[in-house]
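Which chain is which? They are A, B, C and D, in the order written, and residues in each are numbered from 1.
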Amino acid sequence: MIVVMKPGSSQKQIDHMIERIEEMGLRSHVIVGTDRTVIAALGEKRDGAKQALETGEGVEKVVPILAPYKMASTEVKKERTVVKSHDLKVGNCHIGIIAGPCSVESREQILEVAHIVKEAGAAGLRGGAFKPRTSPYSFQGLKEKGLQLLAEARAATGLAVVTEVMAPEQVQLVAEYADVLQVGARNMQNYPLLEKVGEAGLPVLLKRGPSATLDEFLLAAEYILKTGNTQVMLCERGIRTFEDHTRFTLPLATVPYLHQTTHLPVVVDPSHGTGKASLVATMAKAAIAAEADGLIVEIHPNPEVAMSDGFQALTPPAFRQMMQECRKIAAAVGREM
Amino acid sequence: MIVVMKPGSSQKQIDHMIERIEEMGLRSHVIVGTDRTVIAALGEKRDGAKQALETGEGVEKVVPILAPYKMASTEVKKERTVVKSHDLKVGNCHIGIIAGPCSVESREQILEVAHIVKEAGAAGLRGGAFKPRTSPYSFQGLKEKGLQLLAEARAATGLAVVTEVMAPEQVQLVAEYADVLQVGARNMQNYPLLEKVGEAGLPVLLKRGPSATLDEFLLAAEYILKTGNTQVMLCERGIRTFEDHTRFTLPLATVPYLHQTTHLPVVVDPSHGTGKASLVATMAKAAIAAEADGLIVEIHPNPEVAMSDGFQALTPPAFRQMMQECRKIAAAVGREM
Amino acid sequence: MIVVMKPGSSQKQIDHMIERIEEMGLRSHVIVGTDRTVIAALGEKRDGAKQALETGEGVEKVVPILAPYKMASTEVKKERTVVKSHDLKVGNCHIGIIAGPCSVESREQILEVAHIVKEAGAAGLRGGAFKPRTSPYSFQGLKEKGLQLLAEARAATGLAVVTEVMAPEQVQLVAEYADVLQVGARNMQNYPLLEKVGEAGLPVLLKRGPSATLDEFLLAAEYILKTGNTQVMLCERGIRTFEDHTRFTLPLATVPYLHQTTHLPVVVDPSHGTGKASLVATMAKAAIAAEADGLIVEIHPNPEVAMSDGFQALTPPAFRQMMQECRKIAAAVGREM
Amino acid sequence: MIVVMKPGSSQKQIDHMIERIEEMGLRSHVIVGTDRTVIAALGEKRDGAKQALETGEGVEKVVPILAPYKMASTEVKKERTVVKSHDLKVGNCHIGIIAGPCSVESREQILEVAHIVKEAGAAGLRGGAFKPRTSPYSFQGLKEKGLQLLAEARAATGLAVVTEVMAPEQVQLVAEYADVLQVGARNMQNYPLLEKVGEAGLPVLLKRGPSATLDEFLLAAEYILKTGNTQVMLCERGIRTFEDHTRFTLPLATVPYLHQTTHLPVVVDPSHGTGKASLVATMAKAAIAAEADGLIVEIHPNPEVAMSDGFQALTPPAFRQMMQECRKIAAAVGREM
């Protein structure tokens, strides 16, 4: 850390900061500049120190040098993580596709979709059984019944089941049926949930919160990694901005930036990222070109009667076409899917 | 709702939409304009219908007319809600002040702060026992021990204890010690938590998520109200924007806007809203001038050694001065505190 | 437009609104719903009416139905606009690449870059002669001397010169040398400039302002189109959001969305859109996959000594590689570049 | 500046950076930490250096220590600037109120408003003669005729005329009639305009761009200050965020933050800042409580027939009441208005 003193700060204030830095077990190093003094605080320390030092009298700001996350960092682990479940492989040049309805609605619906997903060449089946809904008056999911239907669809197709878990006390139940536990965007900083999900030992799909910085996103992943579970996929699903022609703004530079900073695979969700079925396939292609390690896409046999989010679901034919086009892009960037 | 058809949509598409609207139990009303046709869908229906209709062929967009929340609305309840606990009264011209440390750190600390808070004329004591922290390497709170210390501080001062609960399974424990349950910004859309908190029957302080619209904020409150618990305070604590000189952007127009749309009281948190101790008192005054029904403010006997968020905590003398200045503003806007 | 009355609005208020709508030359159509009354205002009217009606007593909101722009709209012109200058062709499946330094710095620099650009297969040469700089203490460009050097580079290579014009009174001078006039992001709503640029009759590259909605962007284009100049390229160069790991957030969904709403071609600027050289090539590929009609990219023979924005410039070898990779993506989406 | 090297950067890369720092006339100071090396670059240098150093190989980032603006800074000038024109005094405990219509529409309108403004105790008259409008189809102002009417209103009342200038070539004309030149939010980074306005020698009201950081805002002011014109008022008028219940988000913490960093007075525009007449007076009070040095407010004798922005204009009675209430707040914060 670099402690930047205000211009005109007193020697007493500077000495006080040096003392505090050394109390923290760090080495201090004073640099007297033209306008002001800065103090470098050296040593291994990632948290709390910055904030504590910032309150010192005469301090203008404290500039961190190290990234705040550790285990997610490429500095700590060079080889890229590959997340695997059944035939789903995500990361290190393997592109994994996860598709399915927003919500599991019925046996017929989920089985029909599962076959479509399988035949189009995807390896993961998404589908919500416990649904977080903005309004308490909306359909909240089939709950355990939905999980059973997902398991049935897996049995029929061999797809890996990816489904959301909303609360720590649901983790055990969901883990009995699911292959991959999804943590939704609203829960990215639900720390008790992250810990429970990590402990369950299954692969995790962690969605970025719509106002989370990438540092915050990686620190959320760190909660899971800290339990010893390293099978974590990061999912970009759009951020909240002033734009009003899409549901969220999908910032694809997340993908190459995360590839530089973390070994964890990065999946893109063009369905929530745009909120418009007519934009999904194009953004799926752009994500693959940006070297995304996977996609998670909403499809529905008949979007018009979907119980949630039909407006962003692809029809089966549109999904098949998206898959074909994405394969061409994958080939163009030297990857297979 | 108004279903806006694309220019050139066919009569068949229009007829199909009419049919779908009527299947939903709504009345339809077609208006043929110069460029395009719109269909009004009339009747009591707040959720799902908009999204379902949006997927129809030939539909350009669906415009909702009703607000999506009900019980929080001034349309449903005219008289303003007053939240009460011990001497704390928030709403309908009563300004309630809640102050205390970010985290409960020790018996000495919390008792010292509680006496300062009480003597300065505030009625609520804040203090975190379970702390949601962005980094898993940060101090996570004293947990139940912290709750016991808060209860001890209440016994000594008569202040109402306001403390955060982070997970549904903690609600019962926290409710044994607390007077007001706080739901943090990161958990604004943690629906299982909202429901449990509502059922606990204690007053609730619900913080706005940093990227939540006010409709989403009121729908989160609706999850609590739906349990029958009407003692809900809404807390504006800043939103995430591109601004980088403050920790968050504190949008005070939230206060008068919510006063027009909901009967629930509105509390402002200038500590998180700015993230800088030097800006807190000024923004507290501005909040009172904007007719906030309460403030929640972080103070610490010695911010430099605070275990969390010291950079935004007021010292006791600064807090006392803030209280005096806020009282003058309250008088100027015809309210008492 | 749909005028939504408040619940409980009086018949007198409703009658007053009907009168006002008809005074505007629109037809009114009243729909009495369960909770409230709405009035449809029918007829051709795009501006001012919404705002004027919104002030009426008893009115809750006014919902526009028509998009506010006309000439840019696919409703008005179906065939896609192709912008052409020398060998540069942008739009309708032609992908045009424009590359060059942030600023023209010297004769040697711009000639060297121009040859690199040409040999790599691009058709446009960018380079700033008049530079808008955030700080008055930064290098402000070579001005007319810079324009002369650009013209010399065109003579040597046949590339189309794309350069920024910052003020109405510079338009004539810049138009003497340039092939395409660029309006920078800071000037997207500089209306006197848009009008002068339109009147100059040259093709225009209009950059999106970092906080402009797409409606505002298209309305800015409309200022140019209204002068009779239809050779307008829209350029997405990133928006301002809370993200701090990139200079701006590059929202590629702009491309397919604009392709649905306007016939004008859409160019992407991955250099400003990311502000990091290491992310530029990947986002260029993603833009082509998203069906961008062109790219504008910053390159520099030696970014370390660039007089502006070196941190986001590609080196010549990196640019050549980007071109090769982008061609593969273009082929994969059925386009040539 | 602090140059932070990547972990594992080579000695050669470090030596190269030292050389480059010293070529810039700065002193370098190397600090070898546990994980990586940082190099402090000491000396007076505000611009360009950071960006140039950032491109060096092995460099992770460059952290600036000094603020990028000079003349606007409280480090350079301690005493607070007071802007004066006729009876208008803004800054250093003087609160100046500027009010009037969005656009000058007619002789009757502007004279009527001017008398209302004067009688309510304000000292500045706003009114647009040249109007920047998002749509080319909107009313664009009365131009020179409008300026003449403003001058007539000044003659009748003694109010200082504040009006916008949109292009460098209009400055001379507008300066013949106006007392204060306003630079609008869309033109905050129109540098040729800032320079011309500075040279005109009249006081300037500079509005913050809706996506400008405060550093960018102060650098725009610096363009004016650099011409030798020190009569500059900064105006916060709202930023663009995801919030959709107000036209912009009005971040009042701008006021105390700027009071800490600059000697220039800060004016708040609650009309554009909210875009809703029903929120204006409350936010005006909050701004005064936040210690704003002035307000600029839109009023109209009959908002329903206003030719622009009627939805955010106060009626004369509402304005008079706002003035009375603001005076009470001003007294409560120890200021006069």
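Assume a residue touches a chain if its C-beta (ideal position, glycine included) is under 8 Å from a C-beta of that chain, and two chains touch if they have at least 3 such contacts.
Computed from a predicted structure; not experimentally measured.
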Ask   = Out of A-C and B-C, which chain pair has the most contact pairs?
value = A-C
Request  = Find the chain most remote from subunit C, comparing centres computed as mean CA coordinates.
outcome  = B
Ask   = Roughly how many whole angstrom separate the Cα centroids of subunit A and subunit B?
value = 26
Task = Between subunit A and subunit C, tell me the centre distance in angstrom, where each centre is the average of that chain's C-alpha atoms.
result = 31
Remark   = Distance between the CA centroids of subunit B and subunit C (whole Å) is 38
Ask   = What positions in subunit A touch 2 or more of the other chains?
value = 211, 239-242, 244
Request  = Sort out for me which residues of subunit A touch subunit C in the complex.
outcome  = 211, 213-215, 239, 241-246, 249-253, 255-257, 260, 273-274, 276, 278-279, 282-283, 285-291, 325, 328-329, 331-333
Ask   = Which part of subunit C faces subunit B closely enough to touch in the complex?
value = 2, 4, 7, 29, 31, 33-36, 38, 40, 42-44, 63, 65-66, 75, 240-242, 244
Key: Complex contact set, residues of subunit C against subunit D   = 20, 46-48, 51-52, 54-56, 68-70, 132-139, 166-170, 186-187, 189-193, 209-211, 216, 219, 222-223, 226, 239-240, 277, 303-311, 313
